[in-house]
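Below are structures written as structure tokens.
Okay, so subunit A shows up in both of these, paired with subunit B first and subunit C after.
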Partner chain A sequence: MITLAELVNAVPLLIIAIAAILTLLITTFFKKSTDVVFAVTIISLFAAIFFYFGDLEKDALIFTESLRINMVSIMFSVIALTAVFISVLSAKSYIEKEEINFGEYYSLSLFATLGMLVMIHSANLIVLFIGLELMSICFFVLTGFLRKRVKSNEGALKYFLLGAFMTGFLLFGISLIYGTSGTLDFIKMLQNQSLVKQPLFLIGVALFSIGFFFKMGIFPFHMWVPDVYEGAPTSVTGLMSTAGKIAAVGTLAPFIVNTNVTSLKVIFSVLAVLTMLFGNVIALSQVNIKRLLAFSSIASAGYILVGITAMNEFSVKGVAFYLFAYTFMQLGAFILVSVIEKPSDSSNDYKGVNLDDYKGLASKNPSLAVLLTIFLFSLGGIPPFAGFWGKYYLFYAAIKSELVWLSVIAILLSIISIYYYLKIIVYMWFSKESGNEVEIVVPPFASIALYIAAGLTILFGLFPNLFFVMFKTVLK
Partner chain B sequence: MVELNYYLGLSSILFAIGVIGVLVRRNAIIIFMSIELMFNSINLSLISFSSFLGDVTGQILVFFIIAVAAAEAAIGLAIIIALFRNKGTVNIDEINILKW
Partner chain C sequence: MPELTTILFYIFAFITVGFAIIVVSTKNVMYSAVSLFMSLFGIAALFLLLRADFLALTQVMVYIGGILVLLIFGIMLTTKITDAEIKTNNLSYIPAAFFTTGIFVILIFVLYTTKWNQKTPIQNEETISQIGKALLSSYVLPFEIASIVLLVALVGAIMFSRKK
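After this line comes the complex of A and B, so read on.
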């Protein structure tokens, strides 16, 4: 039986679920109502964040022990919802510009959000699988949303085929975990300490992790990232690179940290090094800014993996803070790219996404240049911004687990990343404008989203403790 | 009664055939069929685990996998059709605009 108390605990999920169905119905019956749908989406996302800070039980298993509401899951859910909120806020003007202003865009975003929340809150592997697939299937469709453009189609097909292929490995892992532990329940699995010694169980956990590494874009399961990020509409890329990653990490990190499978530590740290190396080195030679940010997001996944590899009490906190900071800087950068991108014409390519298009941006539109500089400095990990503290907490966790060598490599590799971020900044501020370009108009909603992202990047850079205070006092 | 290992062996072989199919074939629809084969081999292993453990949750997961595979088929074929309309091919060797 579902009790009222359970429903109260699941209010944020229910809000998103109802809003997703409602937006779909509104779109079906009233074709010209995208503004209404947009308003419903924004209000429901805001309400969901609001209720997470409300009167939820802080450690509850609801719906016949299939969903788990606790501090960690609430924290990751709030971060994911914030990412979706900012992304949807900025998407309105972008999809109008690209002439794909359909209500389904918002509905799919909400369904994907529901998938993320279900996944983060899942207490057993069945629910986790459903949440993961709900999120992935919505992302497949969103990637191919510009259905007249070959690049978008191609990105969607690649993402779909590889995503489904990797889901196969994830399920094989789940099947082995089930066969050795006899249960699909996380809590029962964690109680059985002897499992970690069974090789078949470890293979299961490894295959399960592969499925998640794919979603996070960890080497060697990263090859889809640049292609899909380049092919997808820019607003969708922002959503995938932040919210999608938050959901995958928020599900995997607590699980891995709690099982504390030390025998996988070596593999994880090697993968982390390779991911950071690959992402940062290939990013050096990119000329397309979406692709460059895609490789930088691969590198970020590597930093996150460093935090997960530590497997101690600082891991989850560090990962959460990094993701929180990452949401604002990465999403802010992608929103800027979507603003600067030129409106669609008949061609099959995105216009205005090359690094050359950023030459002389400072003289054309100084405020945009300042914002992008903030985001890129933050991504590079330069101190007064939130990105610095994100990396600090991750590497701190690694050092606490005596993985000093890993932290040193991570810091060295993150210095490489400053080169390609600075390249864009130099283009913006010190290069002459290439041609007589049209003036860039910043639409109102996109500029709100940009200023929120930039403001929070600076705020959490100056007061990093605010994050921990926010999730301690408000949620306890 | 047939031993568990035989079921797992069959399931692993089917899974491997699916993986090889994905890696070797060049037609997007055949690749998709190979992925479906992988899913079904996993269903087989889950059912046999479930039966030998005397626990029903594995079979419940199988129903969800079947449902998700159906949803994925709908989306996947739609994506393939959208690409075919623009490009006139579903051969993945010719789908190569996006590359570094």
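After this line comes the complex of A and C, so read on.
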């Protein structure tokens, strides 16, 4: 039986689910209703965030122990919702510019959000799998949303084929975990201490992690990231690289951190080093800013994995703060790219996404140049911005677990990243503009989203403790 | 003398794996589709041997009855695809062989050293009503969300195929 108390606890999920179906119905029955759909989407996302801070039970298992509502899952859900909120806010003008202004864009974003929330709250492996699939299918479709553009089709097809293949790994892992533990429930699994000594269980966990590493873009499973991030509509890239990653990490991290197995630690730390190395080094030679940010997001996944590898009580804290900071800076950078991008006549490629297009941006539109400088400095981890504290908490967790070597390598590799971030900044401020270009118009909603992102990057850079005050109960 | 079910298991396992190899190695699309049919049929038989009658039934109805028939229709309605030779060779044999053998050895080793969670099977019990009850009681949430997943897949397919 589903009780009223359970429904109250699930209010944010219900809001998103109802809004997703409502937007779909509005799109079907009324022509030219995208503004209404946009409003419904924004309001529902805002309401969901609002209810998370409201009167939820702080530790509950609901719907016959399918969903777990606790502070960790609430924290990751709020971060994911914030990412979707900012991304959808900025997407309106972009999809109008690219002439793909369909209501389905918003309802697919909402369905993806529902999948993320289900994943993050999942208390057993079946619910987790279904949530992951819901999110993935929405992302496949959103990647190919620019149907007339070959790049977008290519990205969608690659993402779909590789995604389906990796789902196989994930399911194989789940079946091995079920075979050894005899339960699908996370809590029961973690209570059984003898399980982690069984090699088959560890192989199951490893295969399970592979499925998530694919979504996060960790080293040997990162091949799709540059192609898909480049091919997807820029607003979708922003959504995938932040919210999608938050959901994957928010599901995997609390589970893996609690297993605390040495053999997994070894594998994870090797993968983290390779991921950071690969992402940062390949990013150096990129000329397309979407590809550059894609490689930088691979490197970011590596930093997150450093935090997860620590497997101590600071891990989840550090990972959550990094993701929170990452949301604003990465999303901000992608929103800027989507604003600067020019509507393209050719059906093959995006226009205005090369680094050369950023030459002399400061003289053309100084406020955009300042904003991008803030986001890039923050991504590079330079002190007064939130990104610095994100990396600080991650590496702090690793040092606490006596993984000093890992933190040193991570810091050295993140210094490489400053080179390519600075390259863009130098192009913007010190290079001469190449020829007469059209003036860049910043649409109102996109500029609101940009200022929110920049403001929060600075705010949480100056007062990182605000975050821990927000989610006080987890972080004693 | 091994039990009859063991012998049957090996026969069906051989059918499944053997035809699966043909699926990926043949150069003719039609042969591939028909081999896939046999392979999926073998899996259905394996489900029956595990006393999972509902799964076997779904396997036959969904995969063989639905998806495969559609696939063969697709091949027949696409002109010239039956004659075209598809490329089935692989460029990186050596690393692939290295990795797959490694994974195979590890899995075989682990399979033999693990204590499996065994439950004694209850004789001749049908599973359909049990699955139905479980889906509408303890697994009602994943069941409902699965319907949303299907809805999204439909919307996605329509998005990609519509004109304008």
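The rule we apply is simple: the second predicted complex is superposed on the first by the 470 of 476 C-alpha atoms of A that agree within 3 Å, B and C clash if a C-alpha of one lies under 4 Å from a C-alpha of the other, contacts with A are read in each partner's own complex, and residues count from 1 in each chain.
Just so we're on the same page, contacts are C-beta pairs under 8 Å (C-beta built on N, C-alpha and C of every residue); 3 or more make two chains touch, one makes a residue touch a chain.
Keep in mind that this is a model prediction, so the values were computed, not measured.
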Item to complete: Determine, under the contact definition given at the top, whether A:Val141 touches first (subunit B), second (subunit C), both, or neither.
Response: both
Worksheet item: Does subunit B (first) or subunit C (second) touch A:Phe165, or do both, or does neither?
Response: first
Worksheet item: With the two structures laid over each other on chain A, which partner does A:Gly179 touch: subunit B (first), subunit C (second), both, or neither?
Response: both
Discussion item. Is A:Leu67 touching anything from subunit B or subunit C once the two structures are fitted on A? First, second, both or neither.
Written reply: second
Discussion item. A:Ile203 in the overlay: touching subunit B, subunit C, both, or neither? Say first, second, both or neither.
Written reply: second
Worksheet item: Is A:Ile126 in contact with subunit B, with subunit C, with both, or with neither (first, second, both, neither)?
Response: both
Worksheet item: Thinking of the overlay built on chain A, is A:Ala17 touched by subunit B (first), by subunit C (second), by both, or by neither?
Response: second
Discussion item. So in the superposed three-chain picture, is A:Phe111 touching just subunit B, just subunit C, both, or none of them (first/second/both/neither)?
Written reply: second
Fill in: Residues of subunit A at both interfaces, subunit B in one complex, subunit C in the other
126, 130, 133, 137, 140-141, 144, 147, 179, 182
Worksheet item: So in the complex, which bits of subunit A are touching subunit C?
Response: 2, 17, 20, 24, 63-67, 102, 104, 107-108, 111, 114, 118, 126-127, 130-131, 133-134, 137-138, 140-141, 144-145, 147, 179-182, 198-200, 203
Discussion item. Per the contact definition, I'd like the list of subunit A residues that touch subunit B in the complex.
Written reply: 124-126, 129-130, 133, 137, 140-141, 144, 147-151, 153-158, 160-161, 164-165, 167-168, 171-172, 174-175, 178-179, 182-184, 226-227, 230-231, 282, 286, 291, 348
Fill in: List of subunit B residues in touch with subunit A within their complex
8, 15, 18-19, 22, 28, 31-32, 35, 38-39, 42, 45-46, 49-50, 53, 55, 57-58, 60-61, 64-65, 68, 71-72, 75-76, 78-80, 82-83, 86-87, 92, 95, 97-100
Item to complete: Note which residues of subunit C are touching subunit A in the complex, please.
Response: 106-107, 110-111, 113-117, 137-142, 145-146, 148-149, 152-153, 155-156, 159-160
